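Heads up, the next two complexes both have chain A, just with different partners, chain B and then chain C.
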Partner chain A sequence: MLAVATRPPNSVAARQKRRRMWNEAFVGWGFISVPMALFLVLSVGIFFYAIYISTYKWGMLGPRGFVGLKNYKQAFHDPIFLKSIRNSVLYAVLVVPLQTALGLLLALLVNSKIKGAKFFRAAFYFPSIASSAAITTLFIFLLAPAGLFNQVLSFFGVNVPNLFNQGAWLSDSRTALLSIVGLNMWTTSGTMMLFYLANLQSIDGSLMEAGVMDGATRRQVFWYITMPLLKPAHFFVVTSGMIGALQLYDQAILAGGADGSPDYSLMTMVLYIYNACFRQFEFGLASAIGIILFVIIFSLTLLQRFAFGSSAWRGE
Partner chain B sequence: MLRKRFTFGAALAAVILLAPLAPSAIAADPVVNTITLATWGSSPAETAALTDAIATFQARFPNIKVDLITDTDHSAQMAAKFAAHTPPDVFYVDWSVAQDWINQGVLYDLSSSIASSNFSLAPFNKSYLKPFQSGGAIYGLPKDANPLVLEGNKTLMAKAKIKALPKTIKEFDLQAKLLLAKKITPMCVDADLNRLGAFFVSFGGGISNSSWSQSLLGTAQTKAAMNWVMGNYKSGAFRTPSQLSAGWAGEAFGKAKCAYTMEGAWLDPFLHDSFPAVFKAMVKAPLPTGKHTGSLAFTAGYSIGKDSADKADAWTFIQYMTGARGMTIWTSQGVAIPSRSDVPTPFGYDVNALVAKDKYTVSPPAIVGWSKVIDAFNNQAKKQIQNKKFNVAKASAVVLSAAQAAWPSN
Partner chain C sequence: MSLIKNLKRKFFYFVLIAYSAFTVVPFLWSLSTSAKPQDEVFQSNILPHHATVKAYVTVFKHIQPSFPSLFANSLFIASVVVVLHLVFASLAGYAFARLKFPGRDLLFYVVLGTMMIPDQLRLVPIYQLLVKMGLINSHPSNYLAIFLVKAISATDIFLIRQFFLSIPRELEDAAKIDGAGPFGTFTKIMLPNAMPVLATVAILTFQGTWNDLFWPSIVLQSPNHWTLPFGILEFKGQFSTDWPPIMALVVLSTLPILAIYIFGQRFIINMQLSSSVKG
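Up next is the complex of A and B:
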């Protein structure tokens, strides 16, 4: 009784507040503990397990001997793997700016007060939700020598059989990857449009109005007000687009087969992993390539984060 | 009253508790074991033939039920199951991966089962057993065989006044000119070693020696065959399926985009179902001869996994399906031809059977790492022919040396 009496009157309240905070924290941690445990085991744990596997000659039934860094050396001594890196990077370098620009253009279009904006928004987004296999198969038909694309070219007077690739866009090593760039630029632009649209609609309109009142043209408003304010969307679209682009697989295997033919022009890093794993059954090598791919993606993401500045990824 | 109820309850409880111990007056249902069978996706005709064969097996062995699994990517799905130590009880093994899987130690050696059940391997064509053999052990039995034959479209041939399929390379060259003059593509064949290799054999060379220990890609005869093949691609006598806007050669043939193609027995049910008019107009013959006859034959086998749960019932199933009775039912609809000599050739497949028995019909080497050789050959071949004005000799040399460089012993 004496002890209670000698304590400052607010100590009980402070203790209750601390207890409440602990309780809240406990409940909070309780809620995230299950997904966090899954994340740690299935993402972080698997990553370290892949590093472990990559140091072994690992077959379908498990380890067949420690080999250290031999799998990494083997990968970098294989010209097909080096070509797969070149293809993946070239694809990313081409497709990311194109899908970003197209996504932004579509977002600006559906954000303006045009008739049927809701319809166009749905129409532009549709390719993103359609099955990748179905879209790619459709594209294979469209780009076949006797396909619609060549028929349109013929309609405009192009002598398709005399073209350098004889109209075989997906089965010519000089145009196969570029055709996939065109395909994915179209299919992913809808998703990019949504990200930009969300950012565009969060921009305070008074900023643009102020620009206009100060005498800025529409182009100046776009370049000097809208574009800088879209920085968080730019960062997100470019980063997620690049991560996705470097993991190109389904369109490559559907159009070029498991061997990424012709001339390995459609052999991407992930397709190489598929081959190492499921056609050559070298799980150690496949894990090593997975780690190399992770390092490339992680490095490029850090580079982009640095290039865009902290305000972009903080969403400021 | 209470005592009566108690007595009745006690009697009922006793009956329930003791029932399992009492000898049954009524015959119990026989215990049915279920085995899993993993196959790859196939045509409706193949599925129907397999279902029929399984039904007859289950009628003969009512205590074994077969649970059919059709994989979409058999090799990848099987790899995952092997890695998890949960393979199906029985599964298809393609000749091209058989040695890889044996080398990985995932297949069960059937030698003891074969010996204990006195199952004779004598009726099997030895070349179809070979992909499944290693170090004196046998890890699978060939369920069927499929050699490449020449298929022709009589309607298109008639337009160029061709009455019969070419018997020799010279005849093919003459007919190709006649067809090209009528703007008909003579042959649709993919730039694939598993097709073009047949000409390597007929020119007197080949892909590998009979023991698969040595490549024959560097021989003069193989080089001559490759020059002839690449010359045909340059002249337009050969076109790839993609050049004809088709997914595979059979589709191009079915759409009447070419007069000839070279496929196995799998083409027939495909044409029958999808292109019945072309199926009716189809004629078959052995591939044109060079120095002698020559073709490639492919097989697939039934195997049991080292970790498969029910090996005994799985072996019963394999015995039946690769035995004379099961194979007769499986091949009766003509999706493939028998790999056993004591099984009758299905109606309409005499040419396929004739080619299968020919001494110059060989299996491609099912060596460990074969996929790398195939990939190297096919990628280079497709690259070379994409240029309209390629140098035949140079292109041939580049393709063969790429495949040779990928040969596993190198």
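Up next is the complex of A and C:
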């Protein structure tokens, strides 16, 4: 009764309120209209278009007939594609733990009470700011047979010409991918350090103090209190690191060219897509591999989300 | 006891300084190499015996496209993309954070969901679409292709939305009482209060676009449109072992980002990370 008395459905106030609501809704739709249209076309629509293309034989001049899942079959019968999966996965499996551990270590170092913490933080982040093109080119120069890296090795008494690869790190198929692991561990750990730092600084220090009061050793405090509290950062760093690693392209094409030389040791999944697209003009095949890459990334993300528990994703 | 502590402390600083050398020396090395004559390139002297600016003359005058052209393209493309991101992400971020309209939450989840789609999956269909639109060409309209590909960012919308959610509602209520509509509230209250997150988005977008190799190498057709990373990729193949000019390009392409990093450090470090980790 009271509700009716204070808000009769057709009173001036109610009409005004409804008008304000609609006004707000229109402004809301207006604000999101352009970006949302772009998302719906260039991300959502494009996603389905990719699935569509992947079921066609599709060349320079457009579709040449529906082939169903043939592009997918063709991909899995190509030894170079299988090698590209192996390379991308091996690379991710190596680089993610390394860059995560190094990033965490750097964050812990910089977060402790030291003189010049700001300087060290800036220095450690430094390799993360340059473009991958610039940094990879620099890296190739440093790792050249006569380059700085081998000069330093010689300085420490290593007989470089006698090494199993004669010091040709990037042109030996046994060490090329490992060298790129080293490169990206070095550049990406700075970014990972920042994510861990942000998380470390949001932790209430009294929790650690309580641990110490209860007689825990520093190591116990670290493993049983600090590490679990860093769960949001672990999740973010591992997931984004994994996605980034599976998308390896810039460093591979710069160091090994479009063929991922030597001997396809730098042929990654994305480089394979690039080749299928712009050298063989097999757009159907390229699309199919894009879908395969998406499925791998998507399932790994779900798996990690499951492993870390869903609360980590929301950062609670 | 205190001796051990002191040693530990010294070792700690040794590690910090050693790793800093590891991150900084390679860049000093590229600077030094860019000023060396060719025959000194693989010598271990950090200061060139016969310093020369020949490499810089080469990249400014003798390569096609020259450094100024690559620089201008990088600057132009990165600036336009920054403006697009700021406009679209602040409008959408505000609507998703504060305005009530049917379909809001669903659409926001769609935006977040697009983060799962890798760029490499979008490569083929977007390329086909751009060809159909006639934007894959060597005319200035080729720039539109890259703007279209890079116009939107789910991450930026998310960042700005999170920031708007943290602004106290009282500020808006005060504006509403003064008779401001949603648009007035947005421009007069929300935007001025969101400067830190807008600066962060601007800096990170600029850095990301400036450094990007993937899309420019796929979309940009004419050498006149190439950006710096694309130029480095192409010239590294052409020069092969003529390292000083390549290192000059590396140095020159990194300096602007370094300058932005030095001035914008507090935005990059404090803002981006706390909001993305804490969600």
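The rule is simple: the second predicted complex is superposed on the first by the 282 of 316 C-alpha atoms of A that agree within 3 Å, B and C clash if a C-alpha of one lies under 4 Å from a C-alpha of the other, contacts with A are read in each partner's own complex, and residues count from 1 in each chain.
As a convention for this text, contacts are C-beta pairs under 8 Å (C-beta built on N, C-alpha and C of every residue); 3 or more make two chains touch, one makes a residue touch a chain.
Bear in mind that the values here come from a model prediction, so they are computed numbers and not experimental data.
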Item to check | Comparing the two partners chain B and chain C, which touches a greater set of residues in chain A | outcome: C
Checklist entry - Just chain B (first), just chain C (second), both, or neither: which does A:199 touch? => result second
Checklist entry - Is A:301 touching the first partner chain B, the second partner chain C, both, or neither of them? => result second
Checklist entry - Touch check for A:279: first (chain B), second (chain C), both, or neither? => result first
Next on the checklist: For A:236 in the superposed arrangement: first (chain B), second (chain C), both or neither?
Outcome noted: second
Next on the checklist: Tell me the contact category for A:290 with respect to chain B and chain C: first, second, both or neither.
Outcome noted: second
Checklist entry - Should A:124 be classified as contacting the first partner (chain B), the second (chain C), both, or neither? => result second
Checklist entry - So, A:144: does it touch chain B (first), chain C (second), both, or neither? => result both
Next on the checklist: According to the stated criteria, A:224 is in contact with first (chain B), second (chain C), both, or neither; which is it?
Outcome noted: neither
Checklist entry - Between chain B (first) and chain C (second), which does A:263 come into contact with in this model arrangement: first, second, both, or neither? => result first
Item to check | Shared contact residues on chain A - chain B and chain C | outcome: 144, 146-147, 274, 277-278, 283
Checklist entry - So in the complex, which bits of chain A are touching chain C? => result 21, 23-29, 31-32, 34-36, 38-40, 42-44, 46-47, 49-50, 53, 106, 109, 114, 116, 119-127, 129-134, 137-142, 144, 146-148, 151, 186, 190, 194-195, 197-199, 201-202, 232-233, 236, 243, 247, 249-250, 253-254, 257, 269-270, 273-274, 277-278, 283, 286-287, 290-291, 293-294, 297-298, 301, 313-315
Item to check | In the complex, chain A residues that touch chain B | outcome: 59-62, 80, 144-147, 165-166, 168, 170-174, 259-264, 274-275, 277-281, 283
Checklist entry - What residues on chain B touch chain A, complex-wise? => result 73, 75-76, 79, 82-83, 85, 97, 100-101, 104-106, 240, 242-245, 306, 369, 371-372, 374-375, 378-380, 382-383, 386, 388
Checklist outcome for this item: Interface with chain A, chain C side, in the complex: residues 12-13, 15-16, 19-20, 22-24, 26-27, 29-30, 33, 42, 44, 88-89, 91-92, 94-96, 99-102, 104, 107, 110-111, 114, 116-129, 148-149, 151-152, 154, 157, 181-183, 186, 207, 210-214, 218, 228-230, 232-233, 236-237, 243, 246-247, 249-250, 253-254, 257-258, 261, 265, 268-269, 272-274, 276-279
